[in-house]
Structures are given as C-alpha cells and as structure tokens.
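What follows is a group of structures, each given as structure tokens.
Common to both upcoming complexes is chain A, partnered first by chain B, then by chain C.
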Partner chain A sequence: MASIDTHQPALPQPGKEKVPLWQRYTHGHHWRNADDEFDGAKIGIWLFLATEVLLFSGMFCAYALFRLMYPESIAAGSGYLDWRWGGLNTVVLLISSFTIAMAIRNVQLNQQFWARINLLITWLCAAAFLVIKLTFEYIPKWSDGKRPGALFDYPFAQHAHENVWWSIYYVSTGIHATHVIGGMVLIAWLIYRQGKGAYGPTHYTMMEGVGLYWHIVDLVWIFLFPLLYLVH
Partner chain B sequence: MTTVDRNLDQLGDHGHHDEGSYLNPKYGPIATVWDWMTTVDHKKIGVMYLFAVLFMFFLGGVAALGLRIELLEPTRIDETGNLTGAALSFLAEGETVSQAAVGQAYNRVMTMHGAIMVFMFIVPGIPASLGNFFLPLMLGAKDVAFPRLNLASWYIYVFGSLFGVFSILMGGVDTGWTFYTPYSTTTTGQPQVIAMVLAAFILGFSSIFTGLNFIVTTHKLRAPGMGWFDMPLFIWAVYSTSIIQVLATPVIGVTLLLLIFERVLQIGIFDPGLGGDPVLFQHFFWFYSHPVVYVMILPAMGIISDVLAVHCRKRIFGYRAIAFSSLAIAAISFLVWGHHMFTSQGELAAMVFSFLTFFVAIPTAVKVFNWIASLYKGSITFTTPMLYVFAFLFLFSIGGLTGLPLGTLSTDLHLHDSYFVVAHFHYVMFGGTVIAFLAGIHHWWPKMFGRMYSEKGGALGCALVFIGFNMTFFTQFFLGTQGMPRRYASYVDEFTLLHQISTYGSLILALGFVVHLVVFLHSLFLGEKAPQNPWGGLTLEWETETPPIEHNFHHEPVLTHGPYDFDEVVPPGWDPKDYPLPEPTPGGHKH
Partner chain C sequence: MSHAQEHEYNPADPHGFHEDGHHGHVIVPWQVLLGVLLALLFFTVLTVFQAQFEKHAVYQWGWVIPGWVNIVLAMGIACIKGGLVALFFMQLRYDSGINVLLFLFTLFAVWLFIMFTALDLNNRGHITEWRSGEVISGGSGVGFGEHGASKGRVDINSAAGPVYMRVKDNYIAEHGIEDYEAHGHHDDHGGSALSDAWQSRSHSGLTPGLFSTGVWEHLDDGHGHSHDDHGHDDHGDDHAEDGEHHDEEHANDDHGEEEH
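Here is the complex of A and B:
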C-alpha cells in the first residue's frame, strides 16, 4: 500500500491567514491515523473498480456469445464503424489518463498551478470524447437506421442479425459513455475543490480515487475499441 | 463489585469518558429524529436496517400467508364461471372470473412474496442489520470504514424498496422474482415490471456499498493485537459474504439494465424473435443469484458459530476449518449457477455443474460437523438463542441434504419445478437463515437495546416457529415427490390434505412471530435492565457497556484473549448472574 509521500520541497509556511485547506485536513476520528484512512480509501476504490470490471464483463460475455452465434453479422456491423474515430477517441482517453496521473503527481509536489492545468485538460478530453462519439458516431448512425433491436431500420443490411450487433454496440458504448459523464462530474468537483486548496502533499485521497476510476474508464475503452472497431 | 474488565477502565487520554448510550435521545423529539436520519453511527444505521428489513419480512410474510390461504382448498370454476374454493380473499368470491385471472392474481402475490423476501429482506437482512451493528464492535473499531457510505446504503435500500412497494401498489408483477425472459418482457403491466426491476437494480447498490464497507473495515480497523485468526467467526462469515456481494451484484446490475432496455426499447438481446438468446438471461441471472444464495446463508452460519460457542461455553471446534470453509463457499458459489438451468444447457455442462454442486456441499458439511463437535462436553444452556441454534442445526441439515437429490441429474429430472424444490430452499432460507437471524437477534438483543426479554416467551415463540415451520414445509416434500408443481394456484383433489396441513402450519408459524413481537415489545418497555454481558461472551462487543456508548468503547480496546477462550477465562460453574467475568489470564490467548 502506498503511503503518503512526505519528502516535499518548499512546503508553504503555516501562516496566520493562509494555511491551505489540505494542511488543515484531519483524518476521520474512527481511523487511527491519516495513513490508515488513505489505505482504507484505496482498498475501497479498488473494490469499486472490481465491481466496474464485473459490470462490463456482462457486456463482454454477451458480445462473445453473439459473435459466436452470428460471426458474419458482427463482422459486417463492425465494418460500419470507422476505426479512425474510434482510434482518435482512444488517443483522447489515453491523453486524459496521462494528464490526471500528472495532476495527482502535481498535488503531491504541491504544484497547484500545473495540477489545475492537467485537471482542466483531463476534463476537456472527456468532453471531446463525448463530442466525437455523438457527432461522428451515434447521431449519423442512428439517423441511417442503424439502431438496436426492433428499432433497426437500415435498408442496406447484409445480414439477418445486424440489429443484435447494434444492440451490443449501443449498450456497451452507452454504459461506457455514462461512466465518462460520471467521470466529468467527478473531475469538475476536483477542479472546484483543488481551486479551494483542498489537495496537497499530505492529503489527496479524493484525487487518487477519481484518478483510479478514470483509468478504469479508459481501460474499458481500450478493450471496447478493438472488440467493436477492429473485427474482420 | 466494580468492573474488572480492562476494556471498561476509564483510562487513557483519548477516552470517551462522559458519553451515554447511543440510544439516548437528543435535545428534543425533532432533533432526535433528525439525529437518527442523518446519523453516521453504524449502530443506529444497523438498528434502522433491522426495523426496515423486519418490516419487509412482515410484508413478504403477509403475501406468503395469502398464498397458503388460497391453497387451503383447490380453486375451481364452475360452468357458469363462478369461482369456488378458498380463493384469494382479494379476488371477490363468486364473481365471474377466468382461470387465467385467478392464476395471474396468484402469480402476482407469489412474486410479491418472492421479490420482497429475496431482494428486500434476506439479502440485506443479517449483514446490514446485525452485521452493521456488531462487525465494528467485534473488531474493536469505532465505526465502519466509510460511515457516510453506510448511511447512503440505507437510504438507497429504502429508495429501492419504495420502488418495489410502488410496483405492488400499481397492481403488482406476475413474473416471479427471477424475471425470466421472454415472459418478463412480454407480460402485461409495463410500469409495474419496470418499477420492480428498477427496485432490484437500486437495491444492488445498497448491497455493494455494505459489502465494500465491511471488507475495508475488516482489513483496516481491527483492534490492536487482533490478527485474522483472532476474529470471531461471525466476522469471517460476513467478510466472505461481502466478497460475494461486491463481485456478484454488478452482474445482476447489468442484467437488469438490459432487461429494462429490452422492455422499453426492444433491443432484442434476450428476445429470440430479434435474434437474441433468452438462455443468456438465465446465465446472467443465476451467475448473480446463485452466489447470492450464499449471501443469504453465510452470515447465518457466522451467527451460529458465535452463538453456539457462547451458549455451550466451549471453544469452537475447528476454528480455522470453519473460517476457511466460509471463504471456500464464497469461491465455489461462483461456479455452480448452472444447476438452476439443467434443462436449458448441454449434457456435459449439466454434468459439470452437477459435480460442482456436490463440491460446494463439502465446506458446508465441514461447518455442520464442526458445530456438532463443538457441542460435545460443552456446558449447554437452553436459552432462546441456543434453542434457535438447535432448530438451525436440525432444519438446515434437512435443507442441505435435500439439496443433493436436486443436484443429481437423474433425480432432479423428477423433482425439478416441484414443491420439493420449494420445500428444499425454504428449509435452507427459512430453516437456515431466518432461524439463525432469530438466534442472532435474541443473542444480541440485550446488547442492542439494553433490556432482557422473557426467556419463557422466547422459548414459546421458538417452539411455535419450529412446529409451524415443519408443518408448513415438510408436507411440501411429500407434495413435490407426488408431483405437485410449484407456482400453481390450484391442484388436484388428492393433494388437499397435505396442502391443508401446510396452510395450518403457516398459521402456527405466524403465531410464533406474533409471540416474538409481543416478547420484544414487552422487553423494550418493561424489560429488566440487561447486564453488560448476560451470556458470558468473550468477543469484544461484550466488553463495552450495554447498550454501547456512542463511540463504542471508552478507549481503544486491547485484545486480551481469543473469542473462544472459555477454558482460560470462564471458571467452571460460572453463572451469568455472577457477572462480571474474572480477569482473563494474561497470555492465555491462543488457538
């Protein structure tokens, strides 16, 4: 378990009026010390990540089943997706994962300005992911009639079960996109709290937790991208 | 005599010296209610959970009685379309109805019973109420790891339950608690079905929050000196339960989400007409719902381990075997879901699942043998909790053993979907979990509310519950083997006698609960004040005041003996009235 890094250069002097919030933080009274609290929070976050993996594993199982049942329909469905948009979104998410990791490092070193910049980039990347997904993928495909299940209305379908492909596509990317939106809310909260000086070298539990969550959102996409976009 | 327990000493700089009981009211009635509604105290949340789940148990129980009363006589419809027989009282007797309408009304009440009992009573049941209250106390902690998450879990539970009740008020659902597709996606009553599925979805979050909280608490907040093998076995059981809750619940989450999409948007993943696969739903559903059977029974087993040891004042036999069997059950539980769907999969898969089903019986049997071995040469006291332990051993063994013919492919061919299955899982779920829950409530009642209850009243209630339960469900084994299928509103005349015995038994069972209710109300208002440690238990919750103070302990407790070191700590011939226990021997702590 990582412990809090205490080897910090140039801690701000605790003056009368300008003691930042993170220095005034005291751990919850039911914990023995701040390290235990931090470790506990991290175990909690990792358990939560496990639930996320299992949530998506349901969709991956459904994907595997239908790929076995209707290989042609799945391959044809994947052919409708443009790997370049998917690839661009992969890059966008990878950058955001990097910047949120940097933001955490920045608060550990008390570089509040750079932490702020990195958090803002992360949030903008998340927004860019959704904009790309909506304008270049969901909206054009939906209006072409490439819709899930009984809503499927695409006149040029090649295979009988392309509607099932679109069900899998919309549900799995939709649940993922919901997680991106959730991440944006959390990152916005981080930006607000960071502006108040809530995070610093001795207290950054919330940033660490949101960072881990954001990585799993990224990681799920890393699996979704090849499974959905790169099928032959 | 003043206290000699070092954990009660008013020593230490950070002690909570002047604190009163957690039950003490605050400045006024409104402030008190507000205090409870916004509390992050695990004890208050545990008590709120206890009342919430018991209320749901009452609702589900009323539905069950409705079913049994309907089944008192076979329902018949004569040539003019008039209903005869002891029909459901809420279906106007004599009115012109069709057989289908009777069946649907029956199915709705049956689903109400099943869904409430599973999602709102038995899954959260023991861990969220007794677990919430006693897990931190037994670990010597001030609270659970994430107190606010704990409160959130309670509110989510209430919110989810409201959806369920709302669904029932709108007319109810006739899908059964399993929501099998394509029936659940095509049956009438769109808003009710969606409300009930959403209820189960929302309740899942509450379950995950509780489980996650308990895992972190067990890892990080044990008292100094308490290693993993110094923990009471109840903690091991709740810990194993929590692992299942955290790992299995997300799968039902995505399944129910897909079901809602299927129902609203017809996405077709479970609809063969659109190329989907209804068996996939069954796999998803049971991948959660079989492990969750162990969410229901594991904490019950934990209660039995602790209550049995205290009330026969003897070191539990095979501590590590019981602890590891909890983990083993949690692990194997994820591999046996296919035995719920023997007929909807290939022969090889059915054989593998049959084998794994026998395999999960082994750690369960390990526990039962260890409990019985623990009784040997113990100083058994026939208190109400201990009577319930004996009831558990008897009923749970029947429930476990009747699971074997259901796990055997050749016999299951005859028995599946019959009353034999109904009887089997009620022997496990009621005879196991509810009986152990009652053992736990009676065991910890004095600690929770600071009052003793009438032992005679408790014993009477226990006797009625035991007799009523066996009358209700033992008959159903016979009905099942004779061919009575489950989930039917009526039956052939030959089954009338057994059905009547079953129905009268359920009324005796209900009477038993009324007796318990009266005993508990009497205890709350007129009960004798409970001593700190009425049973001579050695786990940490008995080392604080009764009821516990707001921060649990006056100062951080120190572990001076193991949870089952009765030989070292309790002198021969000790009587609860001789409280407090003599000072434990230093260094007498071993396994």
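Here is the complex of A and C:
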C-alpha cells in the first residue's frame, strides 16, 4: 500500500507568498500533531455519519413495516416508478462517489489540477441527480396527484394504501435529496478552497470529511434504489 | 501503527507527545478505486436484471417464485454494494478500528429498531379487527385542508371513507364515469407498456406478500392480481357504501397475507 510521509515542517512562512496554504497550515495547539487532529476530526465525522444512518433507518423501518403490512399497495406504488430513471441516478451517484475518492487521492499526491477536475465532476453529478429526480420523477408524479398521505389526489389508485406508499417515497427520497443539496454546497466550498490551495498532502481534513459524507449519501441511495424501484 | 515501538523511550517525554506520529495516511491506488466503481456498476446492472428477470419468468414462463426471493436478492446485492463503498471508498478497510466499531454499532441499532418495531406485526390484525369500525384503510385525510382528497367535501362528522376512494369519487363527479373508465384500465402486468416520465403506470402484482403465494392463483385468468376483479364495475352512486365495502375487503386481504 502506497503511503506518504506526512511529516512536514508545517511552519508559517509569512515572507514567502508562493508557499501554498496547505503547507502553511498548522494544527491546533491543543493537538500534539497534525495526525491526531486528523484522526479526531475523522472520528467526529464518523459519529455524525452514525446519526445519519440512524436518521435514515427510521425511514427504512417504516418501509419494512408498511411493506409487510400492505405488500400490494407498496408493489403497486413501486410500479409507478420507472427503474430506468432510478438506475440512471444510481449510476450518476456511483460515479460521483468514485470521483470524490479520486479527488482525495489527487490531493494526497498534490495533483491539484486533477483534484479540481474530479471535484467538478462530483458537483455536476450531484446536480444531474437532482435535475433527473425533479424533472422526471417529482414533478410529473406530483402533478399526477400521486402525493403523500392526505394530499393524495390520484383517482386511478388500485389499492387502499397507495398514499402510504407515496408518503414513504417522498419522505425517504426527499430526505436523501436534501442531503444531496447539502453535499453540493459542501463540494462547492471544497472547490473554492481548493482553488486557494488549501488542501495538500499534509492537510486535507475537510476533503476527507466531505468525502465520507458524500459516500454515505451514495450508500443510502444504494439501498433506496432497489427498495423503491425494483419491488414487484 | 508500529512506529511507536521503533522509537526509544524518552524519560522527558514518556507519552511521546512531541514525536510526530505519522501513521502514513493511506492513499488508495486508483486501480482499486476504479475496480470498485466497475464492480458497483456491475452489481447495479445485476440487481436490475434480477428484478426484470423475475418479472419475466413469472409472467411469461409461469414460474412460481416465493415473494421473499425478491427482497432477499435485492438486499443481498445492495449489501455487497454498500460493503464495497464502506470498505474502499470510505476506507474502512484501512481505517482505525474505532471507526469500524462505530459503524457496526450503528448498524446494530438499525437492526434493533426494525426488529422490535416488527415484533407485534402478527398481532396487529387482531387490533384492526377489534377496531374495525374506526380504522380507515390508507387514512381518511379528513381535516387536512383543501388539498387532494379533502378537496371540496370535508365533513368531519361523517364517515369520510378512505382517501383513495374519495379521490376517485371526486374525479368521477368532475369528469364523468366514461372518462374514468377510459383511464382506469392501465393494468399491463406483462410490463409491455412501461412508465415514462410523464405518465407512470403501475405494472405490479408479482409478490403481494413475503410469504404468500396467493397471487399465483390469479395468474390463470391472465390478470396477475386479484384487485382487477372489482373497482371498475361497482362505482355507482352510493359511494359511501362502496368505500366501506372496499375498505373491508382490503383490510381482509392485508390481514390474510400477514398470517401466511
């Protein structure tokens, strides 16, 4: 496994403007070294990801129960979705997960140009995900009357609990889409900071954190896709 | 990890606070990342293929596939994909044990949630039966406001009936029964006409219950699921009664499937 020496003389050098931001970074004085700071930040991110998993587990729990209780309604509701849009969105998210992992690798190796390209692709994939979701799923479904709970207004329903299905669908994908929007803001911030030279081999904590967050967004979609689109 | 032993003991700094503990952050080779991406794409294709194949096998070849096969295969593939993402993209494979432990504990909590919530599933039918006068399938939507099913005709004191029936009644009242009939029959179970972006059709009915085989009995008449039999032939003027009728039927169906 390739590894690099992170032991850098990370001292501020005010006179030299050419020294990039990441080299001038010094870890907080309450940490004994940059590695401890990095590890601490990473545990913090993982704790946050744990709460994220628990947040989505509420939706998965509701899904499991309602599928067991009203299997026909869930199957009928899923039948209204087109797996091709869900599949396309899965591919888009998988690619974005790959590119942000590559961006972190690029930064570790100080390949700033490629890091930028990969971050931009990640952001564009996130945007594409939302555009597909809105244009081909949310808007047509909603205007058809396929709405959650008491908002349900679709006269050709075949099963009593189809509105329950739409509740599950909108809330679970809605929470997920909100996370995608949050990810886009964070990735845009990364792109901005990376342009300033803030991330390099000895300091890329922010990128690592956002990367982990973005992967969990992908991870959730990996489970949502078959559960919502591939039920029969 | 092993660098701690390599350094000699320094009495002035017994905990090694001033050493630069460089673990050497892992840089995952791009070949590994690309390989994981390709594997993920492969499994995505596989899970779609599995679902499509299952549908085809049932409707074209008349295979009998128990309902749990669908969910077990889909979730199995999703778990493999999730594992790949967690191990390589999220680098849990190279990470310190504490993060792995955190993640596993979270998954344990998820399992607890689902398991304990599902404990009483088999007994809910009794409660529904006992309260059958009060329970409205799919909810009544009454009191929500001037949207959807509640549009126009909200009377909290009357038995409003389930949402889906009132929506249908509203539509018929507005557009007439002929219009409803013209739209009503879009049950193309063979998947012949797929949903598109602007008109989504339901082509479902394959696995009504995880442990139920009831659906297969209806395959012979070429329909695929039992609910085609009613719903198109009995929307007369007595909608309230109609609604209750449906309500009971669905409640019975759902209840029946749970017990298998």
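By definition in this document, the second predicted complex is superposed on the first by the 217 of 232 C-alpha atoms of A that agree within 3 Å, B and C clash if a C-alpha of one lies under 4 Å from a C-alpha of the other, contacts with A are read in each partner's own complex, and residues count from 1 in each chain.
Simple rule for what comes next: contacts are C-beta pairs under 8 Å (C-beta built on N, C-alpha and C of every residue); 3 or more make two chains touch, one makes a residue touch a chain.
This structure is a prediction, so every number in the text was calculated from the model and none was measured.
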Subject >> Larger contact residue set on chain A - chain B or chain C >> reply: C
Subject >> Touched partner set for A:83, first chain B, second chain C, both or neither >> reply: second
**OP:** Using the superposition on chain A described above, determine whether A:188 touches chain B (first), chain C (second), both, or neither.
**Re:** neither
Subject >> Touched partner set for A:38, first chain B, second chain C, both or neither >> reply: second
**OP:** Using the superposition on chain A described above, determine whether A:175 touches chain B (first), chain C (second), both, or neither.
**Re:** first
**OP:** Return first, second, both or neither, reflecting whether A:55 touches chain B, chain C, both chains, or no partner chain.
**Re:** first
Original post:
Looking at the overlay, does A:47 come into contact with chain B only (first), chain C only (second), both, or neither?
Top reply: both
Subject >> Overlapping contact positions on chain A, where the chain C interface meets the chain B interface >> reply: 36, 39, 43, 47, 50, 54, 57-58, 61, 65, 69-70, 73, 149-151, 160-161, 163-164
**OP:** Would you mind writing out the residues of chain A in touch with chain B in their complex?
**Re:** 28-31, 36, 39-40, 43-44, 47-48, 50-52, 54-59, 61-62, 65-66, 69-70, 73, 148-151, 160-161, 163-164, 167-168, 170-171, 175
Subject >> Complex interface listing, chain B residues touching chain A >> reply: 141-147, 208, 212-213, 215-216, 219-221, 246-251, 253-255, 257-258, 261-262, 265-269, 271, 274-277, 280, 283-284
Original post:
Which of the residues in chain C end up touching chain A in this complex?
Top reply: 17-30, 33-34, 36-37, 40-41, 44, 47-48, 50-52, 54-55, 67, 70-71, 74-75, 77-78, 81-82, 85-86, 88-90, 94-96, 98-99, 102-103, 105-107, 109-110, 113-114, 117-118, 121, 124, 137-142, 144-145, 147-151, 162-164, 167-168, 170-172, 180, 183-184, 186-187, 194-210, 212, 225, 227, 231, 246-247, 250, 253-254, 257-258
**OP:** Please give the residue numbers of chain A that touch chain C in the complex, ascending.
**Re:** 1-7, 32-36, 38-39, 42-43, 46-47, 49-50, 53-54, 57-58, 60-61, 64-65, 67-73, 75-85, 87, 90-91, 94-95, 97-98, 101-102, 105, 108-109, 135-137, 140-141, 144-147, 149-164, 211-212, 215-216, 218-219, 222-223, 225-227, 230-232
